[in-house]
Amino acid sequence: MNHFGKLFAVTIFGESHGESVGVVIDGCPAGMPLSVEDFIEDTERRKGGKQKGTTPRQEEDLPLFKSGLFNGKTTGAPLTLLFENKNTRSGDYEKQRAVPRPGHADFVAHEKYGGHEDYRGGGHFSGRLTLCLVAAGVVAKKMIAPLKVVATITEIGGEMDIETGLQKAITEKDSVGGIVECRVSGLPVGLGEPFFDSMESLLAHAVFAIPAVKGIEFGSGFGAAKMFGLQHNDAIENMKGQTRTNHAGGIVGGISNGNELVFRIAIKPTSSTPKEQNTLNWETGELETFSVKGRHDLCIALRVPPVLEGVTAMVLADLLMREQKIKRIFST
Amino acid sequence: MNHFGKLFAVTIFGESHGESVGVVIDGCPAGMPLSVEDFIEDTERRKGGKQKGTTPRQEEDLPLFKSGLFNGKTTGAPLTLLFENKNTRSGDYEKQRAVPRPGHADFVAHEKYGGHEDYRGGGHFSGRLTLCLVAAGVVAKKMIAPLKVVATITEIGGEMDIETGLQKAITEKDSVGGIVECRVSGLPVGLGEPFFDSMESLLAHAVFAIPAVKGIEFGSGFGAAKMFGLQHNDAIENMKGQTRTNHAGGIVGGISNGNELVFRIAIKPTSSTPKEQNTLNWETGELETFSVKGRHDLCIALRVPPVLEGVTAMVLADLLMREQKIKRIFST
Amino acid sequence: MNHFGKLFAVTIFGESHGESVGVVIDGCPAGMPLSVEDFIEDTERRKGGKQKGTTPRQEEDLPLFKSGLFNGKTTGAPLTLLFENKNTRSGDYEKQRAVPRPGHADFVAHEKYGGHEDYRGGGHFSGRLTLCLVAAGVVAKKMIAPLKVVATITEIGGEMDIETGLQKAITEKDSVGGIVECRVSGLPVGLGEPFFDSMESLLAHAVFAIPAVKGIEFGSGFGAAKMFGLQHNDAIENMKGQTRTNHAGGIVGGISNGNELVFRIAIKPTSSTPKEQNTLNWETGELETFSVKGRHDLCIALRVPPVLEGVTAMVLADLLMREQKIKRIFST
Amino acid sequence: MNHFGKLFAVTIFGESHGESVGVVIDGCPAGMPLSVEDFIEDTERRKGGKQKGTTPRQEEDLPLFKSGLFNGKTTGAPLTLLFENKNTRSGDYEKQRAVPRPGHADFVAHEKYGGHEDYRGGGHFSGRLTLCLVAAGVVAKKMIAPLKVVATITEIGGEMDIETGLQKAITEKDSVGGIVECRVSGLPVGLGEPFFDSMESLLAHAVFAIPAVKGIEFGSGFGAAKMFGLQHNDAIENMKGQTRTNHAGGIVGGISNGNELVFRIAIKPTSSTPKEQNTLNWETGELETFSVKGRHDLCIALRVPPVLEGVTAMVLADLLMREQKIKRIFST
């Protein structure tokens, strides 16, 4: 279902080529100043339009406030943000319908919804829905300030130098994947609850709502599997629980330990590659080759940082409210 | 909180050195035969007692049925399984209390619960709680049969040969981590729901409830981040959605695609290493060295397979019920 | 929070004098035909505009489909319905702000949200939000057809003859309350789940989301408290569980028993009475008299039937899905 | 399902004639002193053993602490309380199985669970499960102290004088129903959340988990339906929101308004009446007469007050935590 969160709860909706996408945010404290300007930076970052390797669909991507805002401040009632879809041409998709695009949800959506799904541009499975996650994140980030959630790309196409990674894609005329890292300093000790609301559980739950994510690791992550215990354990150095090393990524026993939260996610290559691919034609039942029409991102990972920051901030806002670290009425 | 699941819902409780650990399972179909015998194999596997590198705490680890079973079958009412704790000696832990064990939840629990936590043997954070997950998994596995969830260790201490990996730990007199892989064949197309109930979201949520897990990846996972799109996309080959490659790990768009579900988790080295470690003494406020008393597992990953199978089966049982693939009344 | 339901889940938002009210409906089966026309009857009934005693705010009250509909059918993705607010004049409310209207949420909203609430016309607490419940109900009713939910007014101002009751209000120049009864025939045996998802629990939960409801009773309800056991017990007469009497209102042990579902709700008199009232002026701290401006319903109960049908259908849709009596893909 | 609550969450389990009934309480603050003695008063009140009209099943009804308690205080981990069933004789029920007892859940349970339900003494539908609600209530009451939840019987068998009402039952050799009222003074303004977590919604939800409840009304309740607006509205008299009258029962707009919380519930007559009744024999498909064996309560309402206090306290504990009025770590 499209709902997540206990005290800070988010419901997202919409389709790529439908009328709109949007989000209802429930549980935001009353009295928090909020305006369209707050959304510009992150929605722009999500577009990635100025970077090599991202597609130029230039919608304004700014929210219409449909509820929950009054006199420039949140009211405590559900905050509804709507993003209209413009410049959508659906004709291309009609033709292409008989052919489920490899890597996309076309096939599973068709089976799950009996052919009634909105198939244009991925419909409800579209990356466009991440705009809703970014928007919820803008609100959540403001709630948890001065805590700061920072996501950065650490690897593209297997290269630590990102330009090099992108150039590989351009040269190869194929899409590439990447790795995005997220860090949050200054978290209090004690966020997260055993067993099923561990920080890792909730963060991973939210993170895997982002399309194209295929892995997550905290601290040393998969590297920890190759380490010795003495090497991995972070020795506590003072009464605040600070450790010199941070192999745990700031979480022990599922609970924040006062050190920096650090985790990484793996993003698969954009499914819409410029390369010709093999696939099945549902109507004929025959295999055929297939080429993606139009321009698409060579590397979807480039757009992920504000989305990852968004879902991380959502989880932190919820957990901080549970621990009574965020007041129900906002005072600036 | 200690509750998970929508239609197949599990509540776990207990402490390492308290009176018991246990689980309440709600949503199990009525009429499913169940007996203590059903639990032997997986609870024995969890002990790992016959393998090098695991500790010999030989409790019987068989459940007492406290509710929900009648005439050898489930009734549709909550099924409560209790495991009594025996052979627990708490004295050791009293002495050690001033010293939070590196890698364990001692410090975070103390801060979160104001010193009221049961600190003996990790209390509620103990790996002993995984017995509850195994038990819930036994029930879930029976519900989803003939689907079969199979978890295997694929790496110990960085070695694909597991004996070699364990020998490293023994030689080094230190603990080691490992990687466990989980596979499920025969899943129907269509499990999982966008956006927040994607299969990856729910599986990751449940998996990170297992102590010591620090990463999860589906299909090619982190490897996907280094691949080109053409290479990663799994071409559909027939009307059932079968693909020759399985880089997606059986999940596209968060939905099962009819191919094998494949994912891996990273297990950190056992926090209780035989090595001497540095830590803080809370009472004195001074750093000191610390050695774990008693015997402990050199590699906790060895015990993980039945636990991982358990939480996986729990998620699948819930999703299969949502898709109406499991009847509310069991007929053998 | 503004979210309800497990498999058929509804999120409502909006304010009386904000830009809009609306609802996100998640879990509706794919392939169900739906059009604006489906909403006309119930949204018109909710207006009650042709009846004595209701106010003439004549908005069109027809939904804009913002997501989840494609080619005239539901897609399985969240269905978002938006109702724009027109003809709202807020000026009146500004002046009146210092005076919390008796019977309204003005005071509690001010205290709960620190004065940041949208106070115009009751803001998020407005009866206008019931439009969202009606809309969700239209969808739910269609899902559960041919089951039919029928709510009727059985008492107004203490009179069984409704015209007489309304005339009392007009003569007295005061508002009046009423009683609305809801009936559903043909429900299968077995809906509802012990203990916290009993049919009564879920219906009451949903029903008390309707503003002005102050009581609910099932079957004989409060009358049962005055009966003898022999009198109250409904004797089962055949293998279908049918009973001649229906004091239980179709629910035994929290579970539907195959007989007609019957329950009644008590609606308080419209808080906005034409009479002069005493209240407090927050700014001066003095008591003063107060008169409601503009025209208001003399009897809000007149508008309740389609709202009550709506929330009832929502609960039934959810429970029928849990019992696998509604398919995930709709076939007409 | 058998789980309720968001921050203070309760899971109940068990059967009348199974091994035990019990409750897992999650979300209780750490550090709260708790002992068996705390449970004596309310579990004794629930027995009603010294009153006319209640049955003498004299189990000790004291909880075994299975988890969550350490050194006499709560730990913050789930608190599990188990009540063993003793003195249960099942033989009677075996014979009677072919005959669904009128007013009981026998028929619906059989249909819902396909005959696999534990039918002895009502199984999971038994009033014995209310012991779990009382126990959860004892914990919740302690959390919300010095707030005091007080439930009293206001009517038995249609009589305000309770002795007279019971005597009616004894004379008539039949069971009778009753009305129980619940009051809580001193609640802060602002508990409850629109729309679906209104105080009325949550209280009603929890209250209808109590077997035999057939109605609930807040403040003037059904009486409000017969009142004029001027009469029903409670005029605010001071800046604390205090009102002279309390027709709203302390709740406006679903939110506590600072006045006394007042609500009443209707309890049907005990289904097990001493009178001979008509019912169906499932095996023969014939109607037959039926008499309840053994001694049963003439008026189940007599046992309800501590149960009603319990579920009320559960809801208040949850809402007070959401409003950050209860600390996560208890300090005495």
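Odds and ends about this structure:
Each chain carries a letter (A, B, C and D) given by its place in the written order, and its residues are counted from 1.
Here, a contact is a pair of C-beta atoms (placed from the backbone, for glycine too) under 8 Å apart; a residue touches a chain by one contact, two chains touch by 3 or more.
All values derive from a computational prediction rather than experimental measurement.
When the interfaces B-C and C-D are ranked by how many C-beta pairs touch across them, C-D comes first.
Interface chain A/chain B: over half of the residue numbers present appear on both copies, so the contact uses mostly the same residues. Averaged C-alpha coordinates put the centre of chain B at 36 Å from the centre of chain D. For the pair chain C and chain D, the distance between C-alpha centroids works out to 26 Å. Spacing of chain B relative to chain C, judged by their CA centroids, is 44 angstrom.
Across the assembly, chain A contributes 1-3, 12, 77, 112, 124, 194, 328 as residues in contact with two or more other chains. Residues 1-4, 12, 100, 102-105, 107-109, 111-112, 122, 124-125, 129, 155, 157-158, 169, 172, 174-179, 189-190, 193-198, 200-202, 204-209, 211, 213-239, 241, 247-249, 252-258, 266-273, 275, 277-280, 282, 285, 287, 301 of chain D touch chain C in their complex. Across the interface of their complex, chain A is touched by residues 6-7, 77, 194, 322-324, 327-328 of chain D. Per the touch definition, chain C reaches chain A in the complex via residues 1-3, 9, 11-15, 18-22, 24, 26-27, 30-31, 65-70, 73-80, 82, 112-118, 123-124, 328-331.
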